[in-house]
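Next come two complexes built around chain A: one with chain B, the other with chain C.
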Partner chain A sequence: MRRLLLERLGHLLLVLWVVASLTFLMFRLMPGDPTLNFLSPTFNEETRAALMASFGLDKPLWQQYVIYLGKLVQGDFGMSFLQNQPVSRLLWDALPNTAVLTVVSLVLAYAIGIVVGAFLAFRRGSVLEGVMIPTALATRAAPEFWLGMLLLAVFAFQFGWFPTGGAVSPGGSMGTLTERLTSADFWWHLCLPALTLTLFLQGLPLLLMRATMLEVLNDEFITMAKMKGLSRWSIVMRHAARNALLPVVTAFALGLGASIGGNVVIETVFAWPGIGRVLVGAVQSSDYPLAQGAFIMIAFVLVVMNTVADMAYALLDPRVSVGRRA
Partner chain B sequence: MRSLLRFLRSEPFAVAGAAIYAVIIAAALLAERIAPHSPTEILRANRRIARYMPASADYWLGTTSSGYDIASQLIHGARTALQVGLTAAVAVVAIGTLLGLLAGYLGGWVDKAVTRLADIVLGLPFLPSMLVLAALTRPGTLTVVCTVAALLWPNTARVIRSQVLSLRERAWVEAARVTGCSNARIMFVHILPQVLPLAALYGSVAIGWAILAEAAASFLGFGDPATISWGVMLQDAYANQALSRGAWNWFVPPGAAILAMVLAGFMISRGSEKLLFPKLGDS
Partner chain C sequence: MWRSLLALTAAVVPGLTLPGLAFAQTAGDPIRPLTIVTQPQAADPREYQAAQIVADAWRKLGLTVNLRPLPGQQFSQVVWYERQRWDITTWQMVGRPERGDPDELTYNLFVSANAANGYDFVGYINPAYDALAQAQRQELNFEKRRALVLQAQEMINEDQPYGFMVHPKNVVAFNKSVWDEKSFVSQAGIGIRSTWSWLNVAPLGAQKDVILNSVAPPTNLNPFNIPGAAGSWATEMVWDRLMRVGPDGLPKPWAAEKVERPDPLTVLVTLRKGMIWSDGKPVTIEDAVFSLEAPGMGDKSPMYKPFVRNIDSVTATGPDTMTIKLKNPDAAFLISSLAKLNLAPKHIWAPIFEDLKNKPQTAESIQEDKPVSSGPFRIVKAALNQEIVLEANATHWSKPKVNRWIMRIMPNVEAALGALKSGEINFLADYTGDPQILRDLAKANPNIVISEALDIGFKFLGYNERRPPFDNKGFRRALSAMIDRQLLADDAWGGAAEPANSWVSPALAAWAAPGIVNRVPGVGSLEAAQKMLKDAGFVLVGGKLHYPAGVKETTAPFN
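== the complex of A and B ==
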């Protein structure tokens, strides 16, 4: 077990390092001067050089790379070009909003997906199944931001039940994280984006749960349970569902990593002040340090969650022999 | 004939998917003839720009805030969708199959390198990577296609690799080797045809991802504003207050078209899965 852990951690660090280096290269080797948008043409050469130096852009590339990695390890992403603040500060402000949105939606999506998926496997071949499966597929096929636009048009603009965007009402302040989490206004603003994300995400656990349930229901221990005369509900929920959950748990961890990145569009539609929106804004305004920081943070969450999914799989399924001493 | 009918009845999903594709392909091929107006023509009514017109006989789905005909844009958008989807899918399948084949058959350091590379690529978040690449190079459909190809091949490569791992132990591969076939010949003449159906399956799903990616990129402002695509239409609608104006005729159709096309891909792949791999059952 410990060997497995160390192996995975080593792999994790390797991937993180490669991703960080790729990001560095992407942002440095691209054509165009990153300071062009930031520096006003009225600056004279001296001011320009001083500014370049203050961002460390006057040093050779390899030195910049070493400094970059060193600072990254300390959690220092540099200063934002446009907003005169450290990137890490801006990111730490945005990350909790994204985390709340993602976790709430994922938990809802998986709760719904698991129950409905198990139920559908149980009621196989019914009319209900013929309706539910295409519906689940359709929510995965729809562009996320379009689902969001529909919900906005209906519930925000048509009926006026929910706000049209943002995380606080006009005039309100964001406050600290605990203040946000305890304010009704924040949760009210969260409803539509979370509903959109939930709708988008529920298809995968639903289909996965149904597929593995169908497999499990054919297993011998289910026949055994039936022979013992257990009720169908007890067979499905207590015996079959437990065993079918394994791939779903793995998918949950993978989904957590993937949807932090995918939230970019939903956060934009609802003007939700999360990390995806920070990335879009930074990229649009050529604020390279901020864009780079947001990108790395999203990538790190993804890589870490991929590893967690891997480990969860190995821990939960005794049949997976990866890392077991032969 | 009877077997065809039986197939149609037993695979309603695949048939429905194929029908959707037929409609989209027809729209793309005959766009100029079907579309009532030019998609880039600013329409005028009573000497004023025809903005926000409701659906009517002249404008089947009404007009946009700039006076473009929505139905015509929608029909011409099918062309972009097919182009983006097909080129991206072909690229994904080609890269994925080639690397999967090499890794699975040759093993050793090739296998290690490909697997590692796949792990790293899977560690790059899809949309953010596309945004950054589009911003740093040149926004447009080519960037979208390249990003989709560069980031989605690992899924195909992994499946192909594991398939090849089992295929290369079969007796007929052994026989080919004994008769003096080169590695290249065994890989591309003997094994490749066996894994192509599986690759095609992943390709049909990749079409969908490519179209969704194009839509998202356009929506975030990183598409090519000069092309007419469903994603650009949605971005246009969102940016010009179609939601608050309740211009359903503007923002519903492009999204529904994307949904239909991606869903059709899913349905075809599910249906053909049963045909190609009857053992998988109907899970």
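== the complex of A and C ==
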């Protein structure tokens, strides 16, 4: 296990270095630079030169890269060009909001998906299955922005049950994470974005669970359980579902990693102040340090969650061997 | 033998060869496919649709016209830094209070000194225009200056370096059950989304917070940074200025009690008494002198430096008075500088500027934890991606009637519309969607009132004169004649715009050339446009427009 951990740590560092280098190059090779945000009739070469120097972009590319990596090793992501605040502060402000949105939605989506998926496998060929499967596929296939706008139109614009955006009411304070998690206002604002993400995410665990369950239900040990006269509930939930959970657990861990960076659309539709919105704003305005920081953070979470998925698989299924090679 | 056969053919079948010879003598190369670079449809659907309409009209002249949408940063990069590369671009000038004086645009957009790397990115060169622009800048007599500005507009109309499209209208909406609708103040070229409104608007009930939306987040808020359009709505109220642009568009003393101009190079300022910074210290004449000097010290305030470039010296002459000496006469100085520069506390910012001397950073990059200001509002929260919260300054001599001014950052325009309907916001300040949807909403909700005001800004097509055939005046005039501005205003902008043919908006009645929109040479007539092309030597061959005789196409199409 220790060897596996070390190996994974090595992978993590390698991936982060590659991501850091690629994002560094990507933004600098893309057309445009941050000074284009300041174009005005009084803008001239002198203004541009001063701004480029203040951003550190007047130095040769290799020098910028060395400075960037040097700072990164010390955990310094630099200063945002446009917001003029440390990138780490901006990301740490946004990360808890994204994490709460993602975790709440994933847990809901997987809880619903696992139960409904298992149930549908058991009721294969029923009318209910005929309705539920296309519904799950439709919500999975529907674009997130469309789903979000639909929920906004119905529950916010029409009925006025939920706010249209943001994480707190106008003029309210975000406070610490604990304050947020104990604030009814915060949860009230979370409802619609979380519901959108839940609907979007539930299709995968539902279909995965159903497919795996169908396989498991044909296994000999299930036949044995039936022959032993166990109850239907016991067969499905205690025996079949437990064995069908493995791929779903892996998908959960991977989904958590992917969703941290994948909520860009939902965060934009609902003005949810998370990493996704930070990333969009930073890319649009060529705010290199902020965009780099956001990408590295997303990559970090993704790689960590991949490792967690591997570990979870090993823990849940002793037949899976990790850390050793044949 | 072949040579003899060719000679015989030429002699016997003259009818076959002469038209070919005649063609070669009267038409040059066919004009390459021309490209309009523009923002993507998703970024600005109205502008994109307008470009499509115009491209269709130009095709009737025998041109091949393509649209090339480019993402925001790349679009600016190409237009601004790759000036030899593009043919035509869509562009806009937005309305800002200080553009209430026409000098900024009159001078910077078309003066040839700005063609290399300034705002004359179309490369318009006309020494006669340069002289006019300079003359209006130095003329302090209003009537004489107005005549010069009108003359400049006629000259641009004659030369058509831009295909002007429309002056958009600012469409905003508010809830009249929350606000006394008569208490909003409309500013010329800005509308009711003005500082004067926020200072004057009166609540009708318990809700005493102005809650408005902005699509884009501002950059950091400090007195030496220009934080984007929406950010400026906030900073204008947080930091006082010696003058402000009044509701009528003219400069008006604000933190200055009195401003006098005894001669073209001298400005005498008397500071208002009793002003206090938010940290409790008094606003002094030294603060005012510092605020005008700081942007010019070194390169630490690049965005504000252009506004003090013409200042020769600033001297305190008494406890409340100072004298500003200018290098050159500047008619727009009161608006372009005194109504633009924020008053900053010297005791806070002088040490910061000193500290910055040996650092690459500029003053723009400084973000105070608790900004010190003297204006009618103070910053209490600046979560730039979420919301800006300002609180009324109870000690200000022009104390607002509202408690707080809250700007919510809402990138989703439809959500902002829903928020207005549900009451989450009570002023829709930034609306880029279809005006008809907003009108329908107001029709269904009697408390929602829409206010439309013609903007100081304008939308246009820039012709790159560095690239033939745009260096030909007749060609540019023909293109401009084919632009149906009313169609653009009605269809692309859904009626929320007026046709334009000048950079001076009709909202600035004192400076706009009356009726100039109807004086575009040959406007609305295909025949007139074709005649202009013919007079300029262009030839239509097989439905395709060619250069005048002898002219080769040497310019590569945009790719």
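One rule holds in what follows: the second predicted complex is superposed on the first by the 288 of 326 C-alpha atoms of A that agree within 3 Å, B and C clash if a C-alpha of one lies under 4 Å from a C-alpha of the other, contacts with A are read in each partner's own complex, and residues count from 1 in each chain.
Quick note on the criterion: contacts are C-beta pairs under 8 Å (C-beta built on N, C-alpha and C of every residue); 3 or more make two chains touch, one makes a residue touch a chain.
In this text, all values refer to a predicted model and were calculated from it rather than measured experimentally.
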{"item": "Contacts of A:Leu152 with chain B and chain C, given as first, second, both or neither", "value": "both"}
{"item": "Partner chain(s) touched by A:Val116 [first = chain B, second = chain C, both, neither]", "value": "neither"}
{"item": "First (chain B), second (chain C), both or neither touched by A:Ala258", "value": "first"}
{"item": "First (chain B), second (chain C), both or neither touched by A:Val303", "value": "first"}
{"item": "First (chain B), second (chain C), both or neither touched by A:Asn84", "value": "second"}
{"item": "First (chain B), second (chain C), both or neither touched by A:Gly281", "value": "second"}
{"item": "Which of chain B and chain C A:Leu95 touches, first, second, both or neither", "value": "neither"}
{"item": "Contacts of A:Val269 with chain B and chain C, given as first, second, both or neither", "value": "both"}
{"item": "Shared contact residues on chain A - chain B and chain C", "value": "30, 149, 152-153, 156-157, 164, 268-269, 284, 286"}
{"item": "For the chain A and chain B complex, residues of the former touching the latter", "value": "11, 15-16, 18-19, 22, 26-27, 30, 134, 137-138, 140-146, 149-150, 152-153, 156-158, 164, 210-211, 214-215, 258, 260-262, 264-265, 268-269, 276, 279-280, 283-284, 286, 291, 294-295, 298-299, 302-303, 306"}
{"item": "Sites on chain C touched by chain A in the complex", "value": "72-74, 76-78, 80, 93, 104-105, 108-109, 114, 117-119, 209, 211, 217, 219-220, 225-226, 228, 299-300, 302-303, 305-307, 360-362, 364-367, 381, 383-387, 389, 404, 406, 408-412, 414-419, 421-422, 424-425"}
{"item": "Interface residues, chain A side, partner chain C - complex", "value": "30-33, 36-47, 49-51, 53-54, 56, 79, 82-85, 93-94, 149, 152-153, 156-157, 160, 163-167, 169-171, 173-174, 268-271, 273, 277-278, 281, 284-286"}
{"item": "Residues of chain B defined as touching chain A within the complex", "value": "13, 119-120, 122-129, 131-133, 135-137, 208, 212, 215-216, 219-222, 231, 234, 237-238, 243-244, 246, 248, 251-252, 254-255, 258-260, 262-263, 265-267, 281, 283"}
